[in-house]
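In the two assemblies presented below, chain A is common to both, partnered first by chain B and then by chain C.
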Partner chain A sequence: MNKHHSKNSEPKYINPYLGGVLLGLLVLVTVLITGRGLGASGAIKSTVVTTAHVFTPEQAKSNAYMNKFISDDHSPMYTWLVFETLGIFLGGLLSGIVFGRVKKLRTEHSPKITSKTRLIFALIGGMLFGIGSQFGRGCTSGAALSGTATFALGGAVVMFAIFGTGYAAAYFFRKLWI
Partner chain B sequence: MKEELFVSGRDIPNIDPYLNIWHWQIPLYLFLGGLAAGILFFAGFYTVRGKADKMQATVKWAPLLAPIALVLGLGALFWDLKHKLFFWQLYTTVRLDSPMSWGAWTLMIITPISLIWVASYMKEMFPWWDWKFDFLNKAEAWVIKNRVGIAWVMMVYAVILGVYTGILLSAFNARPLWNTSILGPLFLVSGFSTGLAATILLSKDPKERKRLSQIDLIFIVIELFLIVHLFMGFLAGSQTAIEAAHLFLGGPFTVTFWVFVVMLGLVFPAVLETLELLGFHVPKWLPAVLILFGGLMFRFIMVEAGQITRYLY
Partner chain C sequence: MCPLIPNGIIGTGWDFVIALILGIAFGFILEASGFSSSRNIVGVFYGYNFVVLRVFFTALIVAMVGLLYFSYFGWLDLSKIFILPTYLIPMIVGGVIMGIGFIMGGFCPGTSFTAVAIGKLDGIVFTIGLYLGIFVFTEAYPLFGDFYNSGDLGNVTITDAFGIPASWVAMAFTVVALAAFWGTSLIEKRVRKNRSEYKF
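Up next is the complex of A and B:
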């Protein structure tokens, strides 16, 4: 935590092991305060449903899945997950400021690929992540982190599936990173 | 048949059981009025203190926004009027016990002052500017000579304008959320804070921005104190006041108020400004934009929630 880092071109990140412990403690605190676990994919879902409802209200209502989240007196955006995601963004920003990563916008990527390639693959990865999180009824934070924290078998399965698949697929995509 | 409704005489559409008369125009106007009050106050303040040269954005550039904000705000008010052609009747009335009368006359005075203030700096801001008529040049010279005096008048009226945006609401005795003496100072402080934020956005001088951020931090702390005080007052009050407070403490406005006004509009920008003062690199527009957003949300929520609070039933 050093303010001179703001002039440094090398961004600073938290130690992953310390980060993991802090994340675990965060789940504890979240359960204590809200009575629920963490989650992020739900906020994206709310945004998608709200956007669909604004532009094509008929189609959104006729879609069996989206219809569950639409009601006349309650916007799908009015859920704790949306506010939590807002907090994630702001917390990330705060950490970026404190650790000197905010100086300018940058795309981090391996020296072997261009920023454009990195962004395209990030977009594809994000889309797959979004689809997968709906099949798995939650993302890494919702199903895996909060799930295993409550000793749910499904949470453990998701956790192994995510990391196992990641480990297996990493070989084919390693050149994007190293 | 519920006779008591007729006997009590409170079965009035759009007024009872709750008000349904003020929509987006009023909170927008209250926001713009507070913003103009903040900008004009600090322009006057640094002129009176003889620091106009060091605070260029505060004294010269930001006041450009004030008349625009005032005119847009008055436009919103005019839009809100049911009988628009009778607006002039406000100016044939002087009633010391009516905040609307006070407000109308305050605006009648501070809007031209803000225009004169901006006009007196036009040649400095835009060197190609030419008044074309000799009498205008003479008037400009007179204003420039008497700038400090005008700054005093402007400061006084800026305070009245800022307080009035809150008192306008607190004069509604039948709406428990508004009927508190804290609302005047709270709106004043909030308006000054948004004025400072707008000035920070315009300022290109790091020293000036730092000074304004320091003042803004103080205003944020005062505002938080007043908000806490507001709820303490409600909770120690009558049942209607307690119910008004519960709209924000577990009721329908809880999330919007605490997330958008208190966290995003006050606490988070305060943390960012503190980090900035400590030497960390913070995007300079971010705290200012958050404060402006929080100020706008504050007025929308207070106007909306206040109309729901009530005495009867």
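Up next is the complex of A and C:
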């Protein structure tokens, strides 16, 4: 890694408008090919259902939510979103390699908090996002972006609810970030 | 002609290969845009970095306008694409919970996977949190199953709900986005001036 010592130098990211055009074209191509958009939380749901099905099959089948995703023909991991999410990981790795950001394990946090605080909040934040994505029928990718792009009312509702709440709650969590 | 898979033009055997390729492109764009960094992402809520707004709104407009053109030229049958069903109150509640998770965790699911890919421990912990959260949801489902399924409006579009033509919706989003691009660039400049460090 070459080190630029100027204090205010930003990391090398692509132009956000270019990123946006590429992402928009990707959503478009995805809809044109598959008839639906991109997603991310669905694969985690499949993983939860799979582990429950493996360890406590009877309980998983009797759970009114999980049994919708359990089939006798194939594992819940054998779904479109799981393969797509595997792709997200690989694509992220590829970009990280190209731009020199793949490094050993590290925690990113504001200088005002410790790594431990950051990780505790990351865990709680992840849990809330997991729970919310079930009620929202998808997360930022599936509901907010792909949903709104296909003019779904629910997508726009989720988008405004996520970002609106983010702004409303930002003040209370400012020490985590600024 | 489009969508290709539902219309049988591409066989379903290619489903997972296509899923993997589209996913790779998705992950690459997210990471390259800076979404593997939580502090970059939450900048949108504190005014020091509006990259989320720029990428998100640009993507939305490109996809919306693109879909309209494909439909206009007759290359896409809009009635065959999946429209997310609307469960009004549960979706608002879900969005609010996700919003709080977003500001506490600094990631959303897709971006956390790219953070995992480049070695961010906070991304890994966020992803574990996602798993635990969904697990808690499924276990507690009997308690709020009725609420979860309440207010079902079906697979409605904004056009169905308000009678506003899709082209006008895309137009409105475009105008709002352009105004936001301009306005937030001014905010960003002012906020960054008062920040001693910007290095994530």
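Here are some notes:
Assume the second predicted complex is superposed on the first by the 160 of 178 C-alpha atoms of A that agree within 3 Å, B and C clash if a C-alpha of one lies under 4 Å from a C-alpha of the other, contacts with A are read in each partner's own complex, and residues count from 1 in each chain.
To be clear about the criterion, contacts are C-beta pairs under 8 Å (C-beta built on N, C-alpha and C of every residue); 3 or more make two chains touch, one makes a residue touch a chain.
Quick caveat: nothing in here was measured; it's all calculated off a predicted structure.
By the touch criterion defined above, A:94 reaches both chain B and chain C.
When the two complexes are overlaid on their common chain A, residue A:102 makes contact with chain B and with chain C alike. Of the two partner chains, chain C is the only one touched by A:157; chain B is not.
When the two structures are aligned on the shared chain, A:128 is found in touch with chain C, with no touch to chain B. Counting the residues of chain A that each partner touches, chain B and chain C differ, and the larger count belongs to C. Judged by the touch definition given at the top, the superposed model places A:76 against neither chain B nor chain C. Comparing the two complexes, residues 83, 86, 90, 93-94, 98, 102-103 of chain A contact chain B in one case and chain C in the other.
Per the touch definition, chain A reaches chain C in the complex via residues 7-11, 13-14, 16-17, 19-38, 40-41, 44-45, 47-49, 52, 63-66, 80-81, 83-96, 98-99, 101-111, 115, 118-119, 121-170, 173-174, 176-178. Of all residues in chain B, only 255, 259, 264, 268, 271-272, 275, 278-283, 286 touch chain A in the complex they form. Those residues of chain A whose C-beta lies close enough to touch chain B in the complex are 3, 6, 78, 83, 86, 90, 93-94, 97-98, 100, 102-103.
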